[in-house]
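Submitted below is the structure of interest, expressed as structure tokens.
Letters A, B, C and D mark the chains as written, and numbering starts fresh at 1 in each.
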Amino acid sequence: MNSKKLNVVVWGENVHEHTNEVVGRLYPEGMHATIAEALRELGPELEVGTATLQEDECGLTEERLANTDVLTWWGHCAHGDVPDEIVDRVQKRVLEGMGLIVLHSGHYSKIFKRMMGTTCSLTWREAGEKERLWVCNPGHPIAQGVDKYIELEQTEMYGEPFGIPAPDEQVFVSWFEGGEVFRSGCCWNRGNGKIFYFRPGHETYPIYYDKNVRRVLINAVRWAAPQGSIWKDEAPNIPIEDAPEKIEKCGDSLHAAGEEGFK
Amino acid sequence: MNSKKLNVVVWGENVHEHTNEVVGRLYPEGMHATIAEALRELGPELEVGTATLQEDECGLTEERLANTDVLTWWGHCAHGDVPDEIVDRVQKRVLEGMGLIVLHSGHYSKIFKRMMGTTCSLTWREAGEKERLWVCNPGHPIAQGVDKYIELEQTEMYGEPFGIPAPDEQVFVSWFEGGEVFRSGCCWNRGNGKIFYFRPGHETYPIYYDKNVRRVLINAVRWAAPQGSIWKDEAPNIPIEDAPEKIEKCGDSLHAAGEEGFK
Amino acid sequence: MNSKKLNVVVWGENVHEHTNEVVGRLYPEGMHATIAEALRELGPELEVGTATLQEDECGLTEERLANTDVLTWWGHCAHGDVPDEIVDRVQKRVLEGMGLIVLHSGHYSKIFKRMMGTTCSLTWREAGEKERLWVCNPGHPIAQGVDKYIELEQTEMYGEPFGIPAPDEQVFVSWFEGGEVFRSGCCWNRGNGKIFYFRPGHETYPIYYDKNVRRVLINAVRWAAPQGSIWKDEAPNIPIEDAPEKIEKCGDSLHAAGEEGFK
Amino acid sequence: MNSKKLNVVVWGENVHEHTNEVVGRLYPEGMHATIAEALRELGPELEVGTATLQEDECGLTEERLANTDVLTWWGHCAHGDVPDEIVDRVQKRVLEGMGLIVLHSGHYSKIFKRMMGTTCSLTWREAGEKERLWVCNPGHPIAQGVDKYIELEQTEMYGEPFGIPAPDEQVFVSWFEGGEVFRSGCCWNRGNGKIFYFRPGHETYPIYYDKNVRRVLINAVRWAAPQGSIWKDEAPNIPIEDAPEKIEKCGDSLHAAGEEGFK
């Protein structure tokens, strides 16, 4: 596992960078380019590529995903433009073991809602207010190199209730100047895949240039990397003669011998 | 909450009852009718109705679901025939607070996979073998009235690995004559809704006439009933003047004042 | 279950009320008396008693605990004076099914640390600052009757990291004027018992007269009430002749037949 | 982290090896020696030592524990002989980040009950029957190199209900010839530490010579290794002048400025 580079794909919706002057000025090459650059700088052991909504198959072909260890996801205004079959494909790979890092407004992406099974709703306000992300677990790999908290001078606010399943691990909780709180760094295991949601990232502020945010991104990518073999989705019939204990058929059946199950 | 009857809808795919002679003989009125009868008998405080795939909108109109407290789900060969919009509708109601009891081959239903976010795959064998469901938590409301285990003489086997998120509570684990094990009674919270998966129920055996299985069904329905108010899916913007703490706008914005968020 | 009153015991350390003038003025009969009064007022179906550190066996005899459905716990300066055998006794009853509500500085009580297995540490500051407890799950039974948040004008601050196992359900997260956040309403299942930690309650402020805090207390007591039979701690030997499947002894043994296990 | 060897301590009660002829014959140097040898053979990157009940301070001095990354624990008849202060010390280190692997009858050890907060009870039978441990999550690092299941020809039986908090991850579930099931491979996070319970290991059978069991042991040790910095147990007061947001003291206080909190 050590000899091979970890393949990371940074996915970006890449729309506001071209339609909003502020975003275009902050991220002239696109937010995905800035995130990818941060990962390359901090993780020389990674092989980092990018993919965007505008590419064929969103840049996420079966073959490319098959070779991706960790995928990061930023989207906002065009969640609905990601075809369902791409979402199916990403979900399948996460369940097989690919790590998934969902960023900021990606909370409403099809893939995050698919993995969570919940609304992923929240409250929000765009006032350029201060956010302070507190570390809830100082020994968690994703919090390494971060002090007691991360302070961001200007952010969009996201507030509770956040419509997610109870996180397996809570890494950050945010305080906002305007009076709200938010579970801003959450971990889940799903199938073989590890999922991390990280709140910062509003496109009108230079969030992805912040050194603490970049530290969390590289930590999260390393944490989410697959640690075991692939778990394929299949529901194999175990023929009676292959039962670990010797048994004989009795009673009525629905399926003829050798028939596949319904799916 | 005590003054009003609990509304339960028993959903049945209702196909094998008409296409397979064995199933038709065991459940001449359909499996849903047998399950509904069990709930009516054991739960005089319930208002129990049924719905099937063959009805308009699968028998699950917006209005009916809005008045349903707990929905039970059995499907097998026709999972794919349930329209996605019905699945969306059921998911929405579960997240608002409706309880959901998923039975047996319902592990591969669209609604269960939707709520879990995982493959829900497993291994299986149809040999009419013995199953013993062990109680893992004797004080759990769903296990009340059940002894140390439930024994079923003839069942289809389901085996691990079961592709689910780690259950919030494990109520039953099954032993099979042929040598496998399975997490056969699992609880999850999702949004405001409670979800229980219960394994027994293969259609070629008289499982839903078993008194212990019926005991678990009524317990599960009572456990899954909503205990609080509805949680609507919405992501409200909090205008700056409504922030709990007084703040002033600074920095650039994406949204004009009063604009709705992207979804 | 409906015919019998729920027995609640409100445990109070009852020290600062007599040694600190401010506390004595706010809670002349002791904080336990104020909490008990709130529960009696809001829960006419409850049978509410109190117990204090100063009573024999801390007021928690074997017999009394055996008849207690829910115990609430407030302590601060005298955690160390609660004898270990009383802690053992309370833990045993929680695991059998008694609900446990731990309040404020009770995070460092022996019983809470015992149930959690962790340090239960946190950061703190006594500045009489504002706290806002946000509801993370508006449909949770403990949050019923509470608006989007509870605001307390003057509180002691508790801050993350809070040294607890990941909560099974997160009901409240707090915002503090001084800039910190805290997971201030957390649920866990342990054995048959339900545990709720609720942060508010510093003794120099009139917290337990607040109507929202009182609403949460009554909700929590109702939520934590046992819903099933008792689960006794025992590790029974299953004699070979009582195995569900017929087996014969083979290989060497450590224990003679009928011997008890080590504990 | 890669440059430094991982320090592993294999703790053994080391009693039955000297008092029971069968055990002595199977493990002439003690079970701890056999387990340590397995780890050394499979994990050349590890520094593996042993410690036993008979040594001073159970072989677990403050200094030694401070340098231990992962501790494995086997005990049975002498759980009560481990002094509480040693248990305190081990717990403290686990919460700081040391991994803990608890084996077989260690389910009733003081340290495991301390970390879980529950009874850790189960049912048992010593009949030399067959056990089959099924992998519930084929992609989990602890299951790597293991096929669909591990089969052990002769084992002691442990049966449900197992009195533990719901595991964060379920790696194995066991099937027993005599008809029971058991959650035989369970993961928890507590503080900064990772805990794995692994059932096999009855001392009258050559379990720790089995190559699959040894594979799980090495996987578990690697999985449980600390991945971040130490999290010290302390509850620091944050002086008002150090609050992240500027606040002023108001209201009454219990503590004088600079005073430590109660513990």
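Worth a mention:
Just so we're on the same page, a contact is a pair of C-beta atoms (placed from the backbone, for glycine too) under 8 Å apart; a residue touches a chain by one contact, two chains touch by 3 or more.
Here the structure is a predicted model, which is why all the values come from computation and not from measurement.
The minimum number of touch steps separating chain A from chain C is 1.
Counting C-beta pairs in contact across C-D and across B-D shows that the higher total falls to C-D. Centroids built from CA atoms put chain D at 31 Å from chain A.
Distance between chain centres (mean CA atoms), chain C to chain D: 27 Å.
If you average the CA atoms of chain B and of chain D, the two centres end up 36 Å from each other. Residues of chain A in contact with two or more other chains: 132, 137-138, 159, 161, 166, 168-169, 179-180, 189, 191, 231, 244.
Listing the residues of chain D that touch chain A in their complex gives 96-97, 132, 137-141, 143-144, 149, 151, 168-169, 189, 191-192, 226-231, 244.
Contact residues on chain A toward chain B in their complex (touch as defined above): 16, 20, 22-23, 76-79, 91, 95, 105, 108, 114-119, 121-129, 154, 157, 159, 161, 163, 165-166, 168, 177-180, 188-191, 202-205, 231, 233-240, 243-245, 247-255, 261-263.
Of all residues in chain A, those touching chain C in their complex are 132, 134-138, 159-162, 166-170, 173-176, 179-181, 183.
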